[in-house]
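Same chain, two partners: chain A is paired with chain B first, then with chain C.
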Partner chain A sequence: QTEVEETLKRIQSHKGVIGTMVVNAEGIPIRTTLDNSTTVQYAGLLHQLTMKARSTVRDIDPQNDLTFLRIRSKKHEIMVAPDKEYLLIVIQNPCE
Partner chain B sequence: MEIVYVYLKKRSEFGKQCNFSDRQAELNIDIQPNPELAEQFVERNPVDTGIQCSTSMSEHEANTERFEMETRGVNHVEGGWPKDVNPLELEQTIRFRKKVEKDENYINAITQLGSIMEHCIKQNNAIDIYEEYFDDEDPVEVTEEAPSAKTINVFRDPQEIKRAATHLSWHPDGNRKLAVAYSCLDFQQAPVGMSFDSYIWDMENPNKPEIALRPSSPLVTLEYNPKDSHVLLGGCYNGQIACWDTRKGSLVAELSTIEFSHRDPVYGTIWLQSKTGTECFSASTDGQVMWWDIRKLSEPTEVLIMDISKKEMLENALGAISLEFESTLPTKFMVGTEQGVVISCNRKGKTPAEKIVCTFSGHHGPIYALQRNPFYPKNFLTVGDWTARIWSEDSRESSIMWTKYHMAYLTDGAWSPSRPAVFFTTKMDGTLDIWDFVFKQCDPALTLKVCDEALFCLRVQDNGCLIACGSRLGTTTLLEVSHGLATLQRNEKNIASSVFERETRREKILEARHREMRLKEKGKAEGKEEELREEETATDLEGLVTKAEEEFFEVIFSELKRKEKDAMKKKQKP
Partner chain C sequence: MSLEDTLSEKSCQTASIVTVEAAAQARECADAEAQTEPPVPLCMPTVSQQDSPRLAAFLRRVEGMVIQELNKNRQSHAFDGFEVNWTEQQQTVSCLHTLGYPPAQGQGLHVTSISWNTTGSVVACAYGRLDDGDWSTLKSFVCTWNLDSRGLNPQQPAAVVEVPSAVMCLAFHPLQPAHIAGGLYSGEVLVWDMSRPEDSLLWRTGLTDDTHTDPVYQVVWLPVPRHSHRFQLLSVATDGKVLLWQGLSAGLLQLTEGFALVVQQLPRNTKLKKPTRGETEVGVTAVAFNSFDPSLFVLGTEGGFPLKCSLAAEEAALTRLPSSVPLRAPAQFTFSPHGGPIYSVSCSPYHRNLFLSAGTDGHVHLYSMLQAQPLTSLQLSHKYLFAVRWSPVRPLVFAAASGEGDVQLFDLRKSSQKPTVCIKQTQDESPVYCLEFNSQQTQLLAAGDAKGTVKVWQLSTEFTEQAPRETEDLDQLATEVAT
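This part shows the complex of A and B:
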């Protein structure tokens, strides 16, 4: 449990990281550093996107699986690490 | 040999129902093979035949009916909490969360994911993969690609009764929106039930206009205010000026009073440069140019009558059909008239007579478009009758450059805002021509058939890449031109300015020559008059005739007399 705390703290302290959140498969934010409404929005939308991405990867090659999803936008980068039950989402501002 | 089978039926049995019955097969004829016939054929060896062993398939095309789509967003409010947890109660949610965090799965998952995530974060921080690496290198020399343009989008008039798109205006910031004015310009041909609405379209959504503007009379022109992108100015078919604020809705925000407005459709409206950003002026075929302040549209601030004899008589006025104003030359403006004359005017003139400075005539018909070159404002483009002409302010007698006479009437034209030598014209047969006079001078660099009906108006976006043109059935087509036609070529400015100067000089020389010749002729005519005055003899025809008769008879009489004398002399000499 403390490992979890440590890991999340370490991630949050990296340069450029705006927010970190852990969401479960039902879209409930377990742990978040941003406000609730933003978290819920990210959770819902990214969950669907991750499912779609995973099914795409597996459709092309059934033995493949999604390990990581990165969405780079004008303002920042959203990184999603999926698991069977949970999603670890980090929003980072890559240094320009 | 014929094979004949005779079938007999009694007349009384015609029309009787058929009674079919089964029968054995009968051999009617049996033709045996005749080997002698084989002599008439030549055997071909080898035989070449194509065979394919695959399933035969056929291809069909089908076009589905247009699908109306609408984009809507979904807003998530709260996650999928299990039934026993009330999301509003903080205690319960905290308890749930704590429970999850104690789960072993959770711990393992997070540790694993955490390490992957850290790796990626560090990657991001180490290198910026979207950095511009080759900025300092000079831009690549433009390869000689053929100029081309392609249609990106088509905006159709959603009304049942189609109106012509008579004017287009791009949104001043970002150019994401296009305001289109629809009206029927045929004299008194507007069909009953035609809607008066004009629309503002968003580039992203060609299915439905973003905002509809509802005037009391169809709009002939529509312009965005370059200073305030929410305000639009429209000129109506009945001569009124209307003003909209898109934040306030689609009904008219301000409308000018009928008594003080124009008497004919308003063909040109342009916003003026002013501190308040509320001044504009309009022109109409009733021969007047009016200045307005949109805060008070009840009457115009100033009226000018387009009478080139400078007598301020409305009866003599020329109907204005296009207006031109360049914010870099704020005291001057130009008016294109129905009679084919461009009138250059000065706003600062104290009397109306002083306001009209000079005229340029050269077109045979109404001047539908008038625009100064954005790079060299002394030269301007006029489009009317079957040609497009380029003029220079210095050369008043004639245009300095002109296109050949086309087969179809030219309806609108515009300079490219990014290249001084490129301009666009639209024609009544639905084609758009792109002219580049440093590339080719006798023909357009590119001709495109945009649609089958006539194109009425044209507007180029500020970056020079996108062109919108409106047609007679209300269809606005958005085209993108190829890179080469929109980016400034190296040395182009110098070449264009030298072309203009050269042509202006040529016209000046020709003008001077004409003047000389005219003076000479005048001189000659005057000289001849002096000679004639010296001859005081009868110059009229009758006098000449009688004189000629007298002389003739005199000669005859003198001859007769001489003969008589000779005859008498002979007699006297026996």
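This part shows the complex of A and C:
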């Protein structure tokens, strides 16, 4: 359990990171550094988007699979590391 | 005996089987209806302990890759200067509507105040006079236009309410689209329901001992603490009182809390001019609430100095004004004054410490709550400035209404010295007295002038789309200018 906290702390303390969260296979957040309502919003929306991204990749080539998802917006970048059981979501504000 | 055998060859061949490949697919159609429901806030589930070893293993697997991407992102120049336009770009500022009420304009009335309602589709204006005029007998009007309705007639308001005394200020209710409050020259505060033009008066303060004895310059709706759907009204007037009213019974607004500003109780952190003999009240002309701390507010005064005040202040005010509730002294900090009375203050929706003030000296001051001296002072006009407002969407943009008849839009990103756009509202340089941004339709800005006209301006896209990192630029501006 402490290893989990340590790893998340390491990621959260990286330059520009606004928030870090882990979401399970059902889209339910199980660890987060942000407030409740924001976390729930990110978790639900990104879980759906990740599943869609994964099915897009596999529909084009069934031998392929999604390894990483990045969304760049005006204000920051959202990174999703997917897995069979979990999603790791990191929101970063890239510096100039 | 001989038998003849005949042999004949026969062969047979089956015809090749004709095969054709065809594919068939049954297509199923399903009818489905979708409806969104208001989102139910989910509570975070309790962390289950059994997940931890698999969770730890997962994090071990992905940590390296994620940290590598975070670092690469930090140093990447791939997206420098890359901008995407999702909406149609509007290049210039244009006048969308020119609204007026001919009977009021015929009497030479000015537009004294403007308010947008909570849905952003209705604009209301108050008619009165802001210069020498026969105040006491002047009738006044409050008019509303629904800009989204197809039958919009610019010269005929959707609803008109006649008011016996000049209306100085208006404020639409934050939740009820048709309820609007107004402060009168007589010191009264009234609330109307504009959806019922025949019987529109909902609440009034009446003329009691509690009522203001001077013109009410601004009214603001505030949430009642601990009752998020009920609202109370705050009114400020040049009699030095800041009063909180609630509608409690039979159409009467009752005073629930009050503050009084007295010269002797002003915080002495800034040296002010000695008051003229006998003058003890500090006339209040403008109020703005902090967007981050709802109990903190800024008052603009006739003396030209803004005051930082708190609703939670407890010290009793040294005033002999009669009142049914004890009046308190709200001022906590005095800011360095303008060269004349302040007419308007506005707190930034994006920074907890920044606010603007504008007044008769033609200057706009940008203050930080943390210091008495303004961070910058800009001269926008050689005449008076009547209103200043921060943009609700662009942290670095504000608008000011000048006595020279123009609406000036400042973009601190482009220039900190001169306005980015100067919109000429009146042709003969008669003053623009009020302006308000529309928070729902953020490209709209309404301004009212001395000719009795309300013009609704459509702003160009540069004023409605936040640039990347604009909030950080505002923070930087606040810290680098403060020395």
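Simple rule for what comes next: the second predicted complex is superposed on the first by the 96 of 96 C-alpha atoms of A that agree within 3 Å, B and C clash if a C-alpha of one lies under 4 Å from a C-alpha of the other, contacts with A are read in each partner's own complex, and residues count from 1 in each chain.
Definition applied: a residue touches a chain if its C-beta (ideal position, glycine included) is under 8 Å from a C-beta of that chain, and two chains touch if they have at least 3 such contacts.
All figures in this text were calculated on a predicted structure; none of them were measured in a lab.
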>> Contacts for A:K75 in the overlay, against chain B (first) and chain C (second): which applies, first, second, both or neither?
In response: second
>> One more residue to check, A:I30. First (chain B), second (chain C), both or neither?
In response: both
>> After the superposition on A, what does A:I11 contact: first (chain B), second (chain C), both or neither?
In response: both
>> In the overlaid three-chain picture, which partner chain does A:L45 touch, first (chain B) or second (chain C), both, or neither?
In response: first
> After superposition on the shared chain, which partner residues are touched by A:Q63: those of chain B (first), chain C (second), both, or neither?
Replying inline: neither
>> Taking the stated contact definition, name every residue in chain A that is touched by chain B in one complex and by chain C in the other, in rising order.
In response: 1, 3-4, 7-8, 10-11, 14-17, 22, 24, 28-31, 40, 68, 70, 72, 77, 79, 81, 83, 85-86, 88, 90, 92, 94-96
> Which residues, counting only chain A, touch chain B once they are in their complex?
Replying inline: 1, 3-4, 7-8, 10-11, 14-17, 22-24, 26-31, 40-41, 43-45, 67-68, 70, 72, 77, 79, 81, 83-86, 88, 90, 92, 94-96
>> Quick check: in the complex, which residue numbers of chain B touch chain A?
In response: 75-82, 96-97, 100-102, 105-107, 109-118, 120-122, 124-125, 128, 130-131
> Considering the complex alone, what residue numbers of chain C touch chain A?
Replying inline: 41-45, 47-49, 51-52, 54-56, 58-63, 65-67, 69-71, 73-74, 76, 79, 84, 466, 468-469
> Touching chain C in the complex: which residues of chain A?
Replying inline: 1, 3-4, 7-8, 10-11, 14-17, 22, 24, 28-32, 36-37, 39-40, 68, 70, 72, 74-75, 77, 79, 81, 83, 85-86, 88, 90, 92, 94-96
